[in-house]
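Shared between the two complexes below is chain A, which pairs with chain B and chain C, respectively.
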Partner chain A sequence: MTDLIKLRGVNKYYGTYHALRDIDLTIRAGEFFSLLGPSGCGKTTLLRVIAGFEGVSAGTVMISDRDMANVPPNQRPTNMVFQSYAIFPHLTVAENVAFGLRKRSDIAKSARAGLVEEALEMVGLGGYGKRAAHALSGGQRQRVALARALILKPKVLLLDEPLSALDKKMREHMQVELIRLQRHVGITFILVTHDQEEALVMSDRIAVMFAGEIGQMDDPETLYRRPKSRRVAEFIGKMNFLPGQVVALSGTDAKADVATGAGQAPGTVPPNRTNRLLTDLMDKIAPGTDTTEDTETPADTAPAPELMTVEIAGLGTAQISVDQAPEGAKLGDAAVGIRPETLAILFEGESPKRHECPGVVDEVVYYGDMTYYDVRIKDVPQPLTIAMKNLIGRPVLEVGATCRVAWDDRALVLF
Partner chain B sequence: MSLRVYAIAYLIFLYAPIVLLPLFAFNDATIIAFPLSGFTTEWFSALKTNGSLHGALTNSLIIAGCTAVFSTLLGMCAARAAAMSHFPGKGGITGFVMLPLVLPEIIVAVSLLVILRQVLGLDLGNWTIIMAHVLICTPFSIAILNGAFGNLDPSMEEAALDLGESRWSAFRLVTLPLVMPGIISSMLISFTISLDEFIIAFFLTGSDPTLPVYIWGLLRFPAQLPVVMALGTILVALSIILLTIAELFRRRGIKRSGAKDTGGFL
Partner chain C sequence: MNAGTALTQDQSRAIRLLGVPFVYAVLLLAVPLGAIVLFSFWTQDFMAVDTTFTLDNYREIADSPIYAMLLQRSLMVSGIVTAVTVVLAYPVAYFISFHVAPSKKSLWLFLITIPFWTSYLIRVFLWKVILGYNGVINSGLIQVGLIEEPLTFILYNVNAVIITLAHAFAPFAILPIFVVLEKIDRSLLEASQDLGESRLSTFFRVTLPLSMPGVVGAVLIVFIPTVGDYVTPELMGGAGGKLIANMIQTQFLQLNNAPLGAALAIVAMLCVTAIALVFVFLNRRWLRGRR
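Entry: the complex of A and B
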């Protein structure tokens, strides 16, 4: 894939407020890229910088190897779907979609009506052309905004929180539609969102932003399984943090197979590929097809050069690979992160795991497909959140029930 | 119950004098007093043939028309800036621009007279009245247009820009149609205010009076009083019609932009 958008050392100040700090970013052609972060992190500002609505205080923005410094938004090969959709209420749906064609002398006037209908068909609004735009529902407005941008076949489509105004069902439906649409048209999509699930589901790559900086830029799986900092780990998905202590570092001659070794991964494993996320999402929309436990993901095949021995409060001793300590392997205090779905409650008849400890259920949150338990474990300062799939025949425990909690070395992340 | 009585009494107190106006305009007597003696349209006919009245009316219409256009243009600039830009001291500046709304007109009139005559040495005429009327009408225009521009989604113009239009054509194709009801409403209200305005016109008028100044002149001749009543009737009717149209346009504009009505002048 060729590089389409290159941002180098981009800084943006509003007065003394430093909105973007040294942003370096490369987005490839045909990629579905997401800018993810809490509100006020600068993700929308960055999108508006790419669109040309905001200038940069320092740095360069290149699109297709062309410096965008003095190129106004109406001459950039980008189009935007606004958070409010910005559908022109005084025009019809067809006039809205055809709006961008006004300045396109390369498209014959006679061909325009056909293009408009084609674009409306593409977003599932065929035959809606004559309707008044102000009478449309939220979901329809969004489709019109998409058609209006895509009819111009831009190199880049910028989406500013396009799904935040929709209800949950509609949002999940549109997520799938957007992915399909992006594959269909092959245009680079840049999505701004504060919803980490949305970003994980839809993106090829995600840049997580905090306070004007990019905290981590990776594909969804890496981002989820190997967050580079505690900030990222806390923002993406749920994570339990326990106090721990690194008591020993050992070289390659140590028992390398401990980290990569056998042993069933407890509970559910994090989804590992975008297309898998897509099928998961489709399952959510049409549930009832998947009742079996996810199969084991292949263990890391990369050789572990070094191991760390960590004492975890309440859980015991773990041996983990230095890969699992993104902020560096060093002796002393550390925070140990564990995702809720990598922990498991062992039900009757289930064989004992490598690591196991007794606990008491403190809180039960039932989601239908999943149940989230908060489990108190002796010497662990806070109850651990554990996510369990509600498989056939598996009971939902009650508050106060005692249980066995299993955990795995390979699921730990050290900060 | 007592509240209802109060409301009715209040409305009578407010509108009875205005109701008396047409009553005496059609009364067949030169003395303004009850009992009414008979029906006549004589006073309205007298208006038709009065040459100096026509001159005053023409003056007033020119002044009101120019005032409507200029104050609305200024109001558009101010309302757009208030709604879409952020700059230091914005709140203070907006408050300052709205000040003439509450400034006593007599003070505006006297100070303008001093400045125009003594300081600048200008001759008084229609243009001096237009300037003064623009000064007092602009706050009204801003108040109306603030609603129109404030309800506008700032992304609208950006969307047009993003779709290839220039700044000006984005404004013309998207913003202007959406605020048009507000513009019409603002022009009608400025027009009405300028047409009715007396104090400033009285101070700044040159040799050709405006209609209210002319009417004031007529009051010195008791025999002309019924004619003034007839003229007043026409002006009241005209004002009510214009203000109603203005309000209809304002409401239509708010409905079109899909926002909630937060009240207006009517």
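Entry: the complex of A and C
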């Protein structure tokens, strides 16, 4: 896959405010790339830099190996879907979609009407051409904005929080539809969003931004499983943090049976897995599979990774592989992160696990498909949040109930 | 009106709120207007007014070419004033809306109203000082050596009337245009550029069409009152710059022929109404695509 967009050392100042700090970013052709971050992190600014609406204070923006320094937005091979959709209210739907064709001498005038109808059909608005733009609903406006941009066949489609104005059902529907559309047209999509779920569902790769910097850039799975910093872990999904201590480095106690299911090292996952199953991802983000229940994760073909031994407050000793820890991890204090869905409460009759400890239910939040428990464990400073699927026959525990909590070395992330 | 039935709460509130303005409007607008209409069907019989219903006044207006000529000139002057004012006001409104920092916008609007702090008459006289035979412009140009003889086409003719009126009505044109420009979603302009249009073509394809309601509003606000203005042509127009309003004034005050003056006023009003309706219709077309 070729590199389409290259940002090198991009900085942006607004007066003294440093909006973008040394952004280095490479986006490949055909990729669905997301810029994810809390509001004010600079993700929209970065998108506008790529679109050409904002200049850079330092650094270069290259699209298709061409320096974009003095190229205005109307001459860039990018098109944008604005957060407000920016549908021209004085034009009809068809006129909106055809807006950008006027300057395209490469598209014959006679072919334009057909292209417009084709674009409208692609977004599911066939036959809407004659309608006044102001009479459309939010979802329809968004489709018009998509058709208007895609009809120009840009190299890059920029989407600025396109789903934030829609209600939950519509949003989920449009997420799937956008992925389908992206695969269909094969255009590089860059999505700006503050919604981690949206980014995980839709993207091939995600750059998580904080305060003008990229905190981590990875595919959704790596990002979720192996966040490189606490703030990334906190921003994406939920995570319990426990105080811990690294007591031994590099395979002092290389028990192969514990080490088999080590997570992939960052970068080993092919970034554009066009055939991945959506449902699989959905499961992962909508607090998902209980990995402690099905421990048969496919064995890694990688050579037996080096191990570290970590003492975790209240839980005991764990053996983790080095790719569960930051590079250059040292002996001594460290924070240990565990996702709620990788912890499990053992119900009666379930066989004992290698790691388990007694706890008391402190809080119960029932979501229908899931129940979130806060469980107090002796010597653990804060109650651990545990997500359990409400399987058939599985009771919902009450506050104050005692229970057994099981955990797995492979689910730990060291910070 | 459901006289006799008990009033609902809304109705009684409407009466309380609208009662006073309604009486005021009836006394000061409807009654005089009715009187003018009535007068236009009467005739002046030397000192007394003959109250027999007749169309004589309208017949006279139709027969004497002077009235048609004056009316035509009035509409033309108003048209030019409107065009000049709106064309000059648009860039000002555009500048304030697009290039003035949001915190400074109200200051700019405030500055634009400064000319209103002095009486209109004083402003007209100031224009005389500027445009006059020995005025600022002429003496300035002579000093610089651009001209040898003072220019005479800038005072006491229709040009002077146009210049003065265009200046006087500028704020009335700037404000409605400014308001619609403010309401234009800036992302629409970015979208247009994103779709390949330059800044200039974006203006013609997006900004201008979306600001048309304000332009039409400005046209109406300038055009309607300038047709009826008689002070400016009286002071600035000289002998050849008299307009229909001056004729109406002359009929009422100097020739003591109120019925004919009233008929002239009605005819002028109908012309303005007809033209205004065209613009209102145009505006509705432009408003088509908006909520």
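The rule is short, and it goes like this: the second predicted complex is superposed on the first by the 367 of 415 C-alpha atoms of A that agree within 3 Å, B and C clash if a C-alpha of one lies under 4 Å from a C-alpha of the other, contacts with A are read in each partner's own complex, and residues count from 1 in each chain.
The working rule: a residue touches a chain if its C-beta (ideal position, glycine included) is under 8 Å from a C-beta of that chain, and two chains touch if they have at least 3 such contacts.
These numbers come from a predicted model, not from an experiment.
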Simultaneous placement of chain C and chain B on chain A, clash or fit: clash
Chain B versus chain C as contact partner of A:Phe88, first or second or both or neither: both
Contacts of A:Asn74 with chain B and chain C, given as first, second, both or neither: both
Touching partner for A:Phe99 - first (chain B), second (chain C), both, neither: both
Partner chain in contact with A:Leu152 - chain B first, chain C second, else both or neither: both
Chain C-contacting residues of chain A that also contact chain B: 51, 53, 72-74, 78-80, 82-84, 86, 88-90, 99-100, 102-104, 134, 148-149, 152
In the complex with chain B, residue positions of chain A that touch it: 51, 53, 72-74, 78-80, 82-84, 86, 88-90, 99-100, 102-104, 134, 148-149, 152
Of all residues in chain A, those that touch chain C in their complex: 51, 53, 72-75, 78-80, 82-84, 86, 88-91, 99-100, 102-104, 132-134, 148-149, 152
Chain C to chain A touching residues, read off their complex: 185, 187-188, 190-198, 201, 205-206, 209-210, 286, 288-291
Sites on chain B touched by chain A in the complex: 153, 155-156, 158-166, 173-174, 177-178, 256-258
